[in-house]
């Protein structure tokens, strides 16, 4: 089941630089782990923004919420979630591995 | 070079039904042709909306504009275009075939 | 899996009155059928608005999209969809029969 | 008498962690007490958001205001209140125990 | 129980003038009847707008919805409803006759 | 001459508690004094909000500005001012004592 | 007593050209008459817009509403009204002839 | 050449009171100096707001920018600039001394 | 003196095709004539939109307004005007030929 | 390939003045260097705003993102990016040196 999520990042300027570096590193590791598990299907940088557009492939709403809620940068993110369905013009065999 | 595009469709209620049917069929054919050529990389239906989120992989801005401007449904679409770049956390080898 | 959906209705003034009456009747029947099947869990009128707030319990995104897309009044609706998850403070045994 | 309320939580980052923990614990206890008394009828987490959609069943506006004003997290909440009425398509015997 | 309601009127230009005149007359009669019954407590014109700000004193949400839904001009109104409670600084004995 | 004013209060969290208490007490006294003088005609709490909707009856714009500018909480208020006129459907003899 | 009013004009395309011409002529005459009477103090065209920013000097809210409501183009205007007061930095002896 | 400018003031609460007093005094002096030179043609207080609507009469865009950029309160202002032209209904001989 | 103008075009669907064609042709001719005269300095298509971003170099506000008001497509345009000044980092000798 | 970018600057008031001065100087140098390389084609100050409208001419999205991300003031900027294409009415031989 697919969801598009736009994430805008706003890390407070006065966050301790080490804490910040650690957070960003953990976010990257967390993101890559979920790419390997097949749940974080796409991630693109929005040009000129500290933001990304991502696509997730998850078992259900609960699974998506757990993933997003546990993002290391979650307290500094504005998230916009769009539930996706198969488009009738899509040629790909199935857009989600999980249904 | 990748772009995310959200398309919201609003076909006027009083459009001749045959014209409408023809337009929608041509839109579908056009979309599939561009999927085959590798320029319309993804298309997903937004749940509960006559709308889609798409990803295009094109040579440049000019190419994207030609594709969008020539959509059979173009006069009835609201388009929102976001230029994309490679995200540093992305594990995929390269996100675009065209650079 | 639960979703909250707000539906704002805007039926064109010049719609044939019989067509309108028929549409509204079919909408009502469709809604009640989905209440009986357990997919349309709640529907409340928003005071002073031709609008409702509903809760759906569905198998997945695809199922929700099919339900909404097939609403007889769909062409005249503005829909706002919010994916829901279980709240940690909720005392109810499980908020959805479908997971 | 029913009301839908969306609550978005924004606890300041520099709040003392113990104060924060205490606040969140008291919010949870308060919420559960009102569920038991039958006034806080539903609470759902919005996926990917520190937010919930709730439904309250109260005697009148005054009662709802007292409940919301006394939420332990009230100073950190953005609240959006929608008065609800019975929907003509609703099959449930009566949507509110209090009228 | 009190509610503030702002009503913005937008009667379609091509409505038959007699129908329009009749609607406006019926709206006025309806409004005055509810003033006499004590449910439509205040009505003020917003300067420079075809709009009013009104205050209603009703038994419950259901009663308010019935009043608004049956406004002769309802199809041409945009309504914004705010539930009101007693303000702690208010000197008046009780702001609503109905609690 | 009547004006509707909505006031949203946002007192900074780090304001000294005694200063805050004093401000709120002075606001209440100021509000009651103007009710007695007949200039602050109505004040209602917006349910679930640290906000009120008020109606003022003043000699002119200048008088209203002086009243609002001197609110003890003025630096922490967002104010929305709507000039009011008599509504043709209003049954009350005159809505303002000052014209 | 002064008010700033922004007026955005949107005359329907299908209005009879003679009716339109007559409306615009009457609007101009009405505007000039009120300039002569000293109530319509300023009128400026907003560059690149079918819109103006005006300043009115009137006895009270009621007078302003009558002026605006009777604008020949009123049904095709979007009006935004701001009540004005004397600015403490203003060097002019008095900003309004009517207080 | 005329411009309308709305200025909303938001001086940070923690600014040193002497600095603040000095800034406000310099702003007032600066404003009056430009009134005398004929460039700051009008300034009105918006009722109930720490804001003003002003009209400037300047040689060109560059001159307006220099005036605004050098406002002592500039760092604490939100400015909204509208270029003005002569309105065809205006009876005044010429609305700007500088063209 | 420079101005940036964004123009969004929305030609009504039911405009006579010949009228439409003629309008678009006249718009093109008008635009090119003003490019030759040096007043319409730049025009770029916004990708995926029936819209352009343009830069004008004009003698004053009045000149810009005359240019925009006389655009053949003016009744079908939404215009957003931004006055420009020289940027201190700009290396170009002078950004405008007209000052 | 051309892009229009609007940049709104908001440097925190409590930034160390030397750090601020250094940042602004480096921003200026960076901007001029990119003007010389031909990538930062235009930069204009928006009148009355700490903001600019710029046009970039870059090889692709990736190049634009690198330029913007590395702006010394990037953490304090709000950026709005619009992809541009050649306009059919444009008389200039080619609007971009890079395609």
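We call the chains A, B, C, D, E, F, G, H, I and J, going by the order they appear; numbering starts again at 1 in every chain.
Please note the rule applied: a contact is a pair of C-beta atoms (placed from the backbone, for glycine too) under 8 Å apart; a residue touches a chain by one contact, two chains touch by 3 or more.
Values in this document were obtained by computation on a predicted structure and should not be read as measured data.
Could you tell me which chains are in contact with chain C and with chain I alike?
B
Greatest Cα-centroid separation from chain E: which chain?
Chain J.
For chain A and chain F, what's the span in angstrom between their mean Cα positions?
Comparing mean C-alpha positions, chain F is 46 Å from chain A.
Report, in whole Å, the distance between the mean C-alpha point of chain F and the mean C-alpha point of chain G.
Between these chains, centre-to-centre, one finds 28 Å.
Would you kindly tell me how far, in whole Å, the mean C-alpha position of chain I lies from that of chain A?
Spacing between the chain centres: roughly 40 Å.
Of all the residues in chain C, which ones touch at least 2 other chains?
2, 45, 47-48, 61, 64-65, 81, 83-86
With touch defined as at the top, which chains are paired up in contact here?
A-B, A-C, A-D, A-J, B-C, B-I, B-J, C-D, C-E, D-E, D-F, E-F, E-G, F-G, F-H, G-H, G-I, H-I, H-J, I-J
Can you list the residues on chain C that touch chain A in the complex?
These residues of chain C touch chain A: 1-3, 60-62, 64-65, 81, 83-86, 99.
Given the complex with chain D, which residues does chain A contribute to the contact?
Residues in contact with chain D: 5, 12, 61, 64-65, 68-69, 75, 79, 81.
So in the complex, the part of chain D that touches chain A is made up of which residues?
Touching chain A from chain D are residues 13, 45, 47-49.
Touching chain E in the complex: which residues of chain F?
Against chain E, chain F makes touches at 2, 4, 27-28, 31-32, 35-36, 42-48, 52-53, 55, 82-91, 95.
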